[in-house]
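Here subunit A shows up in two complexes: once beside subunit B, once beside subunit C.
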Partner chain A sequence: MGSSEKRSKDVMSDIPTFSGENLQKNLKVIQNSRTFLSIIAGVLAGIIGFTGLTGFVFYFVVMLITSVGLMAKAGFSADLYFDSWNRVLFDGFLGGLMSFVLFWTFAYDLVHIF
Partner chain B sequence: MNLGFVIGVIGVLILSHAGYSTIQYRGLLKITEEEFTGPPLNVVLELIVGLALSMWAALTFPGKFLSIHPDSDENRAVSLPDNSDFMIFNHRGRLFPPEITMKF
Partner chain C sequence: MAEDLVLDTAIRDWVLIPLSVVMVLIGVLRYFVSKLMRSSPTPDAKIVKEGQVVIRARNLKAGANFIPPKSFRARRFYFSNEENGLLHVPKDQAQNPQAQMFSDPNMAMDMMKKNLSMIIPQTLTFAWVNFFFSGFVAAKIPFPLTQRFRSMLQNGIDLSTVDVSYVSSRSWYFLNLFGLRGLFSLILGDENAIDDTQRMMQMGGFGFDASKSLGAEKDGLDIIQHEWALPGFEHRAESVLRKLVQ
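Coming up: the complex of A and B.
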């Protein structure tokens, strides 16, 4: 898996091609960032003592800040690193939600109940 | 990579210190029998600092974005030591008009 795969039907024409391997690496970077920040947001929500809907609102706020941060990291030009903007903005939302709830309940129990 | 990792560790340490402070604060509230409405102000400040550091570390530690254009300088498809054994030049492509510029 060392070479980059080109998806092009005709080398001489101008059909946009991209390196699939680099795209996958970039997606992995986004996923790692979002998972780590979901865990941090969960711990934070547990320490502050959010219960109920406020916690989920807090999670979405942190994810929005993450999206802005990722856009800034990509230099606000997604064409250089991804094939569409949606990947940068909406990729790991729901996967991180599970981690968020897990660490939220964990930290809440540690700080407020135990 | 190293600096991002260190800053992430510092952020997590600050967060855990904030959590410990909140636990102590709750113990104090149990003694004075008041309600817990929110963590004290210095804990909130610590949480904000910890969050900022962790966010910075989360954006820089997992790695840089790599360009996906095939003709940028870091995406050379040809690298001499790798497949020079399998390259042949005596094929039908020699009949094409030479309009591709090669980078050396």
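Coming up: the complex of A and C.
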């Protein structure tokens, strides 16, 4: 959302109005940050040597931290910036999972097997 | 309980890293090639006109609450009037777009080009992987899978006692295929993030079905209940000004 906080929703009038362009931009921001963090989480998990379930738990922990970070950036009032809370919290979870697994495998192999 | 295999460093240098690098490069190449090859079709005047009418109707829908009720109704009547309303299309014209689409060589060529540019690099890379990199263990995935995945992941390896976590390079290829989507969206800017898998999902139906979209817009307009948002604006202006003054 950057320094110019783009409000998507105007709550002062009786009927909520959305600015489509700002909404999309905010969504892109969430997706970019989640992708980036899932890649980094994958590399970290591989280097530290998580295997099995621990790795997935680590991924969920990182995603939760991302959600909390995004909420903090949005000032804890997500409905000013997005159309629903679920987007901030859960969007991009599964998309990041594949990248996480790839980089996790990569880093794990590089460090531990070879 | 599974003994850890010790894998040759050469595998890491010459299989894992080159395969990933090649896939990233091919993705970037495909992005640029599709950008170059994007031929702009000569727009048909009728289709453009209908598209603009749809856009106007959508704007009316979006801004419906900001204009007084009478003018909204007047505009809506202009669009969805039975006799000469812009959105009302007589029934017999409804079937044209489908036939038109298939007989139009340009559109068919575009679809073919898009399909090809997607399928060919995938096929080539897969064949390359199979030819050069088969028959040995390539990587170990850090989480355990059940025995059912063995045939899928270990296709070049003929020992059945090897742990399922040790996979062949074909599965490394697939892992890359799915996992690099995120990377592409970061590198290539936000538009062309989609990539094969999502485009394959969208392949089903497209087609500029003009009459259907007009009908849909008409229905959408008819449904709208007009609630005028403006009466409360004096209060809003007052609160905004108060905030500025403080």
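The rule is short, and it goes like this: the second predicted complex is superposed on the first by the 100 of 114 C-alpha atoms of A that agree within 3 Å, B and C clash if a C-alpha of one lies under 4 Å from a C-alpha of the other, contacts with A are read in each partner's own complex, and residues count from 1 in each chain.
The criterion applied here is as follows: a residue touches a chain if its C-beta (ideal position, glycine included) is under 8 Å from a C-beta of that chain, and two chains touch if they have at least 3 such contacts.
Keep in mind that this is a model prediction, so the values were computed, not measured.
Undergrad: Name the contact category of A:Leu23: first (subunit B only), second (subunit C only), both, or neither.
TA: A:Leu23: touches subunit B, not subunit C.
Undergrad: Between subunit B (first) and subunit C (second), which, if any, makes contact with A:Leu110: first, second, both or neither?
TA: A:Leu110: touches subunit B and subunit C.
Undergrad: Could you look at A:Thr51 and tell me whether it touches subunit B, subunit C, both or neither (first, second, both, neither)?
TA: So A:Thr51 only meets subunit C here.
Undergrad: Could you tell me if A:Met71 is touching subunit B, subunit C, both of them or neither one (first, second, both, neither)?
TA: In the superposed model, A:Met71 contacts neither subunit B nor subunit C.
Undergrad: Tell me the contact category for A:Ile40 with respect to subunit B and subunit C: first, second, both or neither.
TA: In the superposition, A:Ile40 contacts subunit B only.
Undergrad: Who does A:Asn32 touch here: subunit B (first), subunit C (second), both, or neither?
TA: Both partners, subunit B and subunit C.
Undergrad: Can A:Met98 be said to touch subunit B (first), subunit C (second), both, or neither?
TA: Only subunit C is touched by A:Met98; subunit B is not.
Undergrad: Mind sorting out which residues of subunit A both subunit B and subunit C touch, each in its own complex?
TA: 17, 28, 32, 36, 46, 110
Undergrad: Okay, in this complex, where on subunit B does subunit A touch?
TA: Residue positions touching the partner: 8, 11-12, 15, 18-19, 22-23, 26, 36, 38-39, 43-44, 47, 50-51, 54-55, 58-59, 61-70, 75, 77, 82.
Undergrad: Flag every residue of subunit A that touches subunit B in the complex, lowest number first.
TA: 2-4, 6, 17-19, 22-23, 25-26, 28-29, 32-33, 36-37, 40, 43-44, 46-49, 65-66, 69-70, 73-74, 80-83, 107, 110-112
Undergrad: Okay, in this complex, where on subunit C does subunit A touch?
TA: Residues in contact with subunit A: 4-9, 11-12, 16, 20, 65, 139-144, 172, 175-176, 178-183, 185-186, 190, 227, 229, 232-233, 236, 239-240.
Undergrad: Taking the complex as given, what residues does subunit A use to touch subunit C?
TA: Residues of subunit A touching subunit C: 12-15, 17, 28, 31-32, 35-36, 38-39, 45-46, 50-53, 55-56, 95-96, 98-106, 108-110, 113-114.
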